[in-house]
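Presented sequentially are two complexes of chain A, the first with chain B as partner and the second with chain C.
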Partner chain A sequence: MTAIADPKAPRPPRARPSRLTTRGNTELYGWVFMRASGVVLLVLIFGHLFVNLWAGDGVKAIDFGFVAGKWADPIWQVWDLLMLWLAMIHGTNGVRTIINDYAERDGTRLVLKSLLYLAFLVTVVLGTLVIFTFNPCPDAAPDLLPSFCTAR
Partner chain B sequence: MWSWVAHRVTGVAIFFFLLVHVLDTSLVRVSPESYNDVIGTYKNPIMGLGEAGLVAAIVFHAFNGIRIILVDFWAKGPRYQRTMLWIVVGLFVLTMAGFLPRHLMHVFGGE
Partner chain C sequence: MTAVLDAPAEVGAIPSFTVTLRVMRYLPGDDGLTPVAHWDEFQVLCHGTDRVLDALHKVKWEQDGSLTFRRSCAHGVCGSDAMRINGRNRLACKTLLKDLDPSKPITVEPIKGLPVIKDLVVDMEPFFASYREIMPFLITTGNEPTKERLQSAEQRERFDDTTKCILCAACTSSCPVFWTDGQYFGPAAIVNAHRFIFDSRDEGGAQRLEILNDKEGVWRCRTTFNCTEACPRGIEVTKAIQEVKRAMITRAF
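Moving on, here comes the complex of A and B:
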């Protein structure tokens, strides 16, 4: 006879911790969101880079008139708004994961994540306001404005 | 392992650029002059090289992200993860070959 337990013997039931997790399924939803938003962001950002940096005269052509011309079209407003929100949530969640991985002290994590969420809030609110309150034809020298401002 | 490190490094770099990029674009709400002033700095050669690096980071992060999704959701993903890394590298080289010459022409090509 050997002292080794029969490997086919049923395993004794494992003591179940009273709480498996403290946060429900939030981390799972975050994981799914990173993948879903990642695919959408690939399309949005590649389109953004193609139109702004590759087509026409690239970065040389970007000025106030260029931006105003784009945002005169609701499609680009929605495009940029979606890109702003998805990229900020995707990026903030990514940096949050990295902080959790590398910042070992509770205090350090708290400080870094507070800064991160503050940056998230400021950037998303500012960017959203700019897209919705943008005036393509402000008082300025006409040569700085898109052509449709002077045509009317 | 290295692709995982590169994914994190490029992700953080893109995130910090995004914060700056929303700030600089917000200047359109201040005045056309201030926006044009700041966006003008994006057109000097050093920033032009920075933009090339930024686009490289985005392109790698994008293609490697698709690879991560395939490893997670495609039944054969884990088996082909190494092959897919080479596909990512190949697509990266192709995309950059399409972007870099044109971008550098815009930045260094004069008027």
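Moving on, here comes the complex of A and C:
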């Protein structure tokens, strides 16, 4: 006779239907967004990889100047911004789903999701800020600037 | 009771063999202490035509009368004896021992995700609560027709697959989303909603879609196909869930 763990019983179901209804199209839109953003991300990411690693001199061309040059072009600004936002929302929603599926206690759920949303916020705000305010030639000592800056 | 027990065993050509059943036992205590589940092993002499249910009957009738499990019709129609046999949800009355490699011990556990009451008997109430919530009955408006509600063969074919459900809970209790978090409606409730949503005579489709559009509704399905694999009636459960999803999306856009 070997003792084993208690047979698994999940959390007792919430009394449904309750006034605090969780019906609505939120999960539906989330589901559709995952598919749509996935398709768009495929194009964006492989386009990004192609331009950065393959086209022209390929991977050897990447340096500070290459990135600075890309972000001087509004098309690449929009491209990267779209990629950042779509990837972050897509990924965050995916991890949110995983937390919903695997976290068993409400406390665990809350902590994990708080951390997730915080990470999302930091990354998206910082990334957006960088894309729009990036200045390759700031006011600094000339020897700190890249070679293409006029101040040097 | 059938006459099988008293009749002289004339099995003749049917090969007989001894199988080892490893059954998960769980006895709730009266003292309020948490009872500990454990495995019990039984040796049963069986024939090639015997099912897992026959072996369980032999144990209960001849070796340990305290072994507890549900069964009613014993022919795969009532859906009472769904259990986890060798790690897969099956009906004990539809699973032949010879198909399970009888040379190794055959494990029998209660279905997962529902609270165990005793041995192989689980509390089905959370399962049926979800079932009731999707309103599994015909909803119509207007005056009742004086004759039957007619339907073409094609219209009947549309939901034929999901009419086969026997509510055994093999699908719902094989779903990993249901295991960790009993809030999900579960495949069985969605299958039975599908049976009415796509019925041309029914007019409650919008209400049912609204109910299943819940945070814990169809969108929690991860299409792992566990339910389709577990269904003893061969219902394409995951496909039915996807059809309900599609109906919701076409309704929303």
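Here are some notes:
As a working rule, the second predicted complex is superposed on the first by the 111 of 152 C-alpha atoms of A that agree within 3 Å, B and C clash if a C-alpha of one lies under 4 Å from a C-alpha of the other, contacts with A are read in each partner's own complex, and residues count from 1 in each chain.
In the analysis below, contacts are C-beta pairs under 8 Å (C-beta built on N, C-alpha and C of every residue); 3 or more make two chains touch, one makes a residue touch a chain.
All values reported here derive from a predicted model rather than from experimental measurement.
By the touch criterion defined above, A:Val39 lies against chain B but remains apart from chain C after alignment on the C-alpha atoms of chain A. Within the superposed three-chain model, A:Leu84 lies in touch with chain B and out of touch with chain C [touch as defined at top].
In the superposition on chain A, A:Asn100 makes contact with chain C only, not with chain B.
Using the contact criterion defined above for the overlaid structures, shared-chain residue A:Thr26 touches chain C, although it does not reach chain B. With both structures placed on the common chain, the touch criterion links A:Tyr117 to neither chain B nor chain C.
In the superposition on chain A, A:Ile62 makes contact with chain B only, not with chain C. Using the contact criterion defined above for the overlaid structures, shared-chain residue A:Phe148 touches neither chain B nor chain C, since it reaches no partner. By the touch criterion defined above, A:Thr133 lies against chain B but remains apart from chain C after alignment on the C-alpha atoms of chain A.
For chain B in complex with chain A, the touching residues are 8, 11-12, 14-15, 18-19, 22-23, 25-26, 28-29, 31-33, 35-36, 39, 42-43, 48, 51, 55, 58, 62, 65-66, 68-69, 72-73, 98-99, 102-103, 105-107. By the touch criterion given at the top, residues 1-14, 16-17, 21-32, 100-104 of chain A touch chain C in their complex. The touching residues of chain A, counted against chain B in their complex, run 35, 38-39, 41-42, 45-46, 49, 53-54, 57-60, 62-65, 67-68, 84, 87-88, 91-92, 94-95, 98, 119, 123, 126-127, 129-130, 133-134, 138, 140-141, 144-145. By the touch criterion stated above, chain C contacts chain A in their complex at residues 24, 26, 34, 36-40, 109-110, 112-116, 126, 129-130, 133, 176-183, 210-211, 213-217, 219-220, 222, 245, 248-249, 252-253.
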